[in-house]
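Following this message is one structure expressed as structure tokens.
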Amino acid sequence: MGIKIIKREGQSFKDRIYLPAIFSGMWVTLKHFLRNLSDTSNIKTLCYPEEQPIDITSRYRGVHLLTKRDDGSVRCVACFMCATACPAECIFIEAKEREDGVDEKMPEIFTIDLLECVFCGGCVEACPCDAIRMDSGIFSFVAQKREDFLLTKDKLLSHESMKGTIC
Amino acid sequence: MNWVELSYLLPLIVIGSGAVILMLLSPIEKISMERFSLLTFIFIFVALLCDLYYFGVLYTSFPLKHIFSKMLISDSYSVYFDALLLSGALVTILVGMHYFQTKRKFKKEFFSLFLFSVFGMMLLVHANELLTAFIALEIASLSLYVMVGFQKYDTRRVEASYQYLVLGSLSGVFFLLGSALIYAGVGTTILGDIGKEVDMLMGKDISLVVIGGTFLLVTFLFKISAFPFQNWTIDVYDGAPLPVTAFMAATFKVAIFGFILRIMLVDLDPIREIWDELFFVIITATLLYGSFLAVIQRSLKRMLAASSIVHTGYILIAFVSIGVVGESASSSVIYYLVAYFLSSMGAFGLISYITADDHVRVTYEDFRGFAHVHPYMAAMLSIFMLSLAGLPGTIGFVGKFYIFTGAIEAGNTILAVFGVTATFISIYYYFKLIALMYFYPTAEMEDIPPLKGIAPLVIGFIAFAVIWGGIGNTFVAYFPGIDFLIDTARLSYMSLFIK
Amino acid sequence: MMDIGILSIIIFLPMVVALILLLTPINQNGTRNMAFIVSVIIFCLALFIYTNFQLTGTIQLREFHPWIKAYGINYSLGIDGFSLIVLMLIATLIPSAYLLLWNNNRPKNYWISMLFIQSGISGTLFSLDLILFYFFWEAMLLPVFMIIGLFGSGNRVYSTLKVTIYTIMGSLFMFVSILYLGVAFYYEFGSWSFELSDLVQITTISHGHRVLLFLGFMLAFSIKIPLFPFHTWLLETYSNSPTGGVFLLSSIMAKLGAYALVRFMIPLFPDIFVELSSVFVGLGIFGLVYFGIAAISQHNIKKMFAYSSASHLGFITAGIFSLNVHGMMGSAFLIVAHAMATGGLFLLVGVLERNLGIRSIDGMGGIAAKAPLFTVFFGIMVLCTVGIPGTNGFVAELLIVLGLFKYNAFAGILSALTVLVAASYMFWLFQKAILANSENDVSAMVDLDWKEVLGLLPLSLLIIAMGIYPDLFLYKIEPTIQHYLMEILHVGAKV
Amino acid sequence: MLDVIFLLLSSFAIGGALGMVLFHQPVHSALSLILCIIALSGLFALLSASFLFMVQIIVYAGAIITLLIFIIMFLNVKEANLPKEPHKNITLFLGALGLIPLNILILRAFYKLPSSFLEKNDNFGDIKPLGMELFEHWLLPFELISILLLVALIGAVVFGRKEEA
Amino acid sequence: MNMISISIVIINVILALLFSLGAAPILVWIERRVAGFIQDRLGPNRCHIGGIRLGGLIQSFADMLKLVFKEDFQSSSIKQGFLFSLAPVLVFGSAFLTFMVMPFADDLKIGEQVFMMQGLPIDLGILWFLAFAGLSVYGIMLGGWASNNKYSLLGAIRAGAQVISYEAAMGLSLVSILITYGSIHLGDMVAYQGTLLFGFIPAWGIFLQPLAAIIFIVTAFAEANRTPFDIAEGESEIVGGFHTEYSAMRFGLFFVGEYVAMSASSALIVTLFFGGYHLPYLNTGVLKSNMPLVLSFIVIALPLVSYLFAKWIGKNNHWKEEGNIRNRESKILIQGILVINVGIIFLLGIFLREGLGEDGVNIATAVIQIATFAIKLLLMNFVFVWVRWTLPRFRYDQLQDLGWKVLMPLAIANILVTATIVVVMGV
Amino acid sequence: MIAGSLFSYIVVAMLLLSIGLLGVISRKNIFVIYMSIELMLNAINLIFIALGRHHHSMSGHIMAMMVIAIAAAEAAVFLSLIVVLYRRKKSLDSDIFRTLAQKESL
């Protein structure tokens, strides 16, 4: 078995004086600079508050939403799977009996504390009946008070899925 | 460029370039310590040969006007001192070879530093200008500081180096202050010119020159470890590695005296008497206090260090006599330097040879019964001790004879008596060693390092030289004896006054 | 090449032999034999000199070679009558001593040191250059140092250091004085010389300085002799030294001190010599009395002899300083007589010590019965020491007492009385230690063998011969003594 | 005007020097020393040594003391490791008393020199005359300095190198 | 001292202030915008005063204001309050003083008087720069030490070691330049660079001493603590380095000091290697003798350049959102440029017609040279920024290796070669 | 005129020198000792330069320059030694660097 000597890179004189590499690097950056200077429109930066992002995909994990059945009632059956799966323990559910007979239980209270949520998507995975989702497309959630970050059931239900609306 | 003038500095150039070459070679791991010793030896030897070439030839004085504008001078005086310094270095290398090889921690830069310090010392002897002299002094001292602390795993070494450095720098400041004051007084720092200016100033106010000269003397007294500045000596000598101690004791003093004699004899000659009383006190104190220090020591190395203070006192006796009997006194300084150089180099060298293998033999007690184990070494050590004590038949005796004669000649009989008193005290601590070596049964017999290598040979040669310097004469034609040394010393002294 | 004179041979032969012995692996018996042979050769040479010596007061057999030219230091030798007699003494004593030390079973170094000492002694004796004299004076010391330190007993190292330091202290002041003389000569005559004959001519030194110089020399000699206040090294050194060392110290080196006193002090400082004579006579007589009394109270035989020896040396000193031909002759004679007697005694004590292993007088007794030969020789030496008529000791002491009477009647009486004191303790010793029977066990005592007898015989014969017919020996030194006296009287007249 | 500058600079220099001696912390001392050195360089400038003025700042303030401060920080000495100097002020005071005679002696000697300076040339103290003087007369010491620095370099390497096991 | 000299001195000082202190916000702006463009971003462009954004320059001023008015916070662990406050002052002060000897223009001669166009009229030039560049490290070291924070101390030690190391190489590289120019006075050096090499190349330092130029530029980067040598800050390793504990204006001084130092370094580089205030082929003499031509050229060129600039503004400077106040800016700018153009051309026209007189020519030369210098300075500053956003930071050991094992030997070799050439050619 | 007279400069220099000497004598901190030595060298520089002006010769300046270089050389050795010492002893007290003397005084 012959020994194969692999030549190390960067040992040639040209490499060792570094200057060519430095200059080529600087040439690259200069090219970028000049191009962007001559025409700022090449820059893809959004002027954010005025311009909104238009490339949020459906797989983007935005703020949660609770889906509804066709009848408009909440799909959630208060099985606590999401709350159990949640690593941040930010989901609080209180169940109550469902009297309309469609199902056994429904949530009395369903609150998500966004200040604790880590947006892992575990709840979505855990949900057996596709009741909780994160495809609302809402990427910025701003509030003035701490209390405003507690998403109640009503708010969650009011978030519309972006599905179909974008792209 | 005047090549002929430059050629007078050939020994200096050889040593300087040798130092640089060794420095450049030192990172090469392949070259062994022995090789380095050998190389150093060769450089010094070549320089010595160059120097000896001028030894007889150059009864002249070259201020080297064309190349360095009187900053350096080359005359038989400097050639003589060069020869002393170089032989000192040569002997140090030869004697220390065993030590260096045994104590492997000596990195190779050591030899470069060693050559640099020799270079500085030689330069000091050649210096013809105060600041040049100071730089030369600093080159020599800085290398010595480092050499002292070279084995920095040993705290004692580093501390010795530190003490030496602080005090040495302080004394350097005084040297500079002295130069500044002299410059203020006469407007020049070139040696011959200072003399002329001082001559012209005679009768006017020369207090600046006097104070400046005093400060120069302070430095000088410090470096030769005379009385008020002697405290460092013992600790530094003790802390330094033995060959370095030998080198310091034997050669550095030579170089310092080489310079200070030049300035005192030539330039500050008209005002030298001013310091006589001061010197009187200093010498007395140096002799007595040095003797006291030597008596109370228990380590041999420290004793030798302390006794070097006493020897400084002897030399100063001759130094103070210069005013009246310039020729014989100054040549006696030179001669005593040779004597002390040989004896102390022999003693330190031998001890370094003995201690190279183990750390045991450092105190007097360790030498108990030494003669029964190593008769030859004990005999040599005894010879050196006798020479240091100034017993007849050794070069130390002739040196003392010379110095005391000069002192009496100059009318300083009291000083001679003090010197004799110190000698008398010195008998105690030198003979104590001999007594210990011979008169006791040896404690342990097992460690008998064989006499091998070049160091014992060289030490034996020194021992022979010590004896020959005490009895050798013109019986044997063409072989230099005492007269030769005295004559050359005189010659070198005379060359100072060639205008 | 230089030509080597007979004096140089006497000086350097032992040294060269010693060096050869030192460097060759000859065993101790060989060394001893060689040392003996050398001493015999030297004896023969000395005899040769003795017979060829001319009866003038001048210095003979001069040898002169420049040594350190720059300072006019020369290798300059010569002898006069006084040195001749000391030379003869040494040449005789040393072979005898070797014979008596023969059985002591000493190692090689011992004999080598002895050889070195002999060199040093001869050198000191012959030197006419003061630096050369100083050289040998100090060189003599080292082997003594070695002998005592190596082969001594008791607290030998201490006593070695003590005696060395003492002696060197004295000689260092002498050294300064020598240098001062040399410098004075240089200032007066413009050239360097340390030759005795040159230094004598110095006239410029002031009187006070001359006194100081004189004292500088005297310090060295007094310590060596030892005179009264400088004797403190004596007791320990004598008692701790081996027999050979004591022998050398007491019978030879101490005498050299007295010799040097005459040789150098009188020519160099005749006026001071006269002036201070009273002091030294006083010191000498005081020593005589003091040491005599001290000797009585001793029970260690060595110590007793040490004091006795010191006492006699005080006597010698007093004689030298008595400033007349009797005293000086007597001193010269006593130097010889006492050297023989004391030397013999110390050697015999050595034999005693070797056999019995003790030194205390109380532990001896009844030796006469065991060792008759020993007793005979011991008796002769004791008689000589005491100064019984028929021995040379008597002649010498008589001459000195006479001289002292001339100098000062009181001094003479005192010295004469003290001689009696010496007689008393010596006889007491002889009686108690040797003759009287006692219950002490002296069975270990062995009588002298033929070699020891051979060694002591010449001494005893000489003691008796010199006692009976002193002129035979005195005539050789008389011119010299006259010469010295002339110098003194010359100056004395001026004073 | 110059007098005022002189007085100001010299008082800064002396104040800095005093601070250096008196401060307990080495860093404070070093900073005082810098103050002193910079004030001194100002004095150099007053003496029309413009080149030395710059050299003083570059070499002393810029290199030597930087190195010093660097070492001080590098060692990061804790307060506990600083030496206790309980009698510092007393010794300082006594030492100052002792030094007075020396100062008087030297100053008296200097006082006899003619005091005011000679008229200054146009370019006295500039780099050019300095260079001419340096290379005409002081060439050798200048070269020797390089050897001295080399020795110091080797020394620093020897001391600074990692110790062998 | 008459009015003219006083005014010239004042003008010089103001110019120095402008170039150093005044340049700081601009440099900050440049830094941010260039960084943005290099990384295909926009950078700050939003902050405005009445719609005027100046491409985001206003942001820098806003930042400055913020730093000034922010609460000055000091950690309670800081024992050396005085030194802690002194440190940024030192950094800022020494950086600022460094700039004072840069010549903006050739010596100005008005009447009989000759004025050096520098902040401080001394001719020590390079030495002054070295001196104060060396002093600036004290501020960094003190700041790091006084912060009583181990990261700060680490940063300070790094800075100290770095400056000590690189100062040696910098000084040595300067020596060869000094040999070439034969003077330490920066004015003389620039004057030398006004000549031509071989008759056709401007004798700029970069052509005469390319190696020294590279070494000097590299060491200047290190001295100014700029990337790739900004290990004293080294955010990724030691938080903020020496200024971790600093905030508000004390931090601001560090911040501004860094830019001033950078500016000073640029100025020196320009002066030493890029012809200083000289336009290529147009040294002072040529400029003076051909002043009317030059003025005419300006009269022609200025509208052209302005037109292009206005076009660029029109193309790039608009706000996405309609009706935003910021959309007024382009219009205002273009009008402003127009007014300035007209004014300048009118002025120059008068000058051309009336003739300038000797003093006038001199002043005009000075103005042109100042402008040249300013432009070169900006370009050099741009290079600093450019390098910063191109190269990564050195590792500490690499940095020391580079300084001692590469730059220093090279500088020494360069000295040798230069000296040999100078001696051989007998210059 | 104070600023134009040699004497005033010498006074300043001597004061600095004395202060430096004081520092060496009375302080135990090795850093301060070192700095004191540097201060003394500086004072001497001032003397040299003032004298150069006094004699109207550049030699004084050159000597001062040399002194600065010497100071630099000493600084290198001194500081590296201090580092070694501090690492060994963990102290800056010059008094504790006395192992040599203490050992003998047993």
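Residue numbering begins at 1 within each chain, and the chains themselves are lettered A, B, C, D, E and F in the order written.
To be clear about the criterion, a contact is a pair of C-beta atoms (placed from the backbone, for glycine too) under 8 Å apart; a residue touches a chain by one contact, two chains touch by 3 or more.
Keep in mind that this is a model prediction, so the values were computed, not measured.
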Each chain counted as touching subunit A and subunit D at once:
E
Would you mind checking which pair of chains has the most C-beta pairs in contact?
D-F
Could you tell me which chain lies farthest from subunit E when each chain's centre is the average position of its Cα atoms?
C
Need the CA-centroid distance for the pair subunit D / subunit E, whole Å please.
33
Compute the distance, rounded to whole Å, between the mean C-alpha positions of subunit C and subunit D.
71
Length of the line joining the C-alpha centres of subunit A and subunit C, rounded to whole Å:
122
In whole angstrom, the CA-centroid distance of subunit B from subunit F equals 27
Would you give the residues of subunit D that are in contact with at least 2 other chains, written as numbers and ranges?
51, 55, 63, 67, 74, 106, 110, 113, 137-138, 141, 145, 148, 151-152, 155, 159
Multi-partner residues of subunit B (each touching 2 or more other chains)
131, 135, 138, 142, 145-146, 149, 152, 184
With touch defined as at the top, which chains are paired up in contact here?
A-E, B-C, B-D, B-F, D-E, D-F
Enumerate the contact residues on subunit D facing subunit E in the complex.
27, 31, 34, 50-51, 53-55, 57-58, 61-63, 66-67, 69-70, 73-74, 76, 127
Note which residues of subunit D are touching subunit B in the complex, please.
105-106, 108-110, 112-113, 136-141, 144-145, 147-148, 150-152, 154-155, 157-159, 163-164
Quick one: in the complex, what on subunit B touches subunit C?
386, 391-393, 397-398, 401-402, 404-405, 408-409, 413, 416-417, 420, 423-424, 427-428, 431-432, 434-436, 438-440, 473-475, 482-483, 486-487, 490
Which subunit D residues qualify as touching subunit F in the complex?
2-3, 5-7, 10, 13-14, 17-18, 20-21, 26, 29-30, 33, 36-37, 40, 43-44, 46-49, 51-52, 55-56, 59-60, 63-65, 67-68, 71-72, 74-75, 77, 81-85, 88, 91-92, 95-96, 99, 102-103, 106-107, 110-111, 113-118, 120-121, 124-125, 129-130, 132-134, 137-138, 141-142, 145, 148-149, 151-153, 155-156, 159-160
Residues of subunit E touching subunit D in their complex?
80, 83, 122, 124, 127-128, 130-135, 137-138, 141-142, 144-145, 153, 156-157, 160-161, 163-164, 167, 171, 184
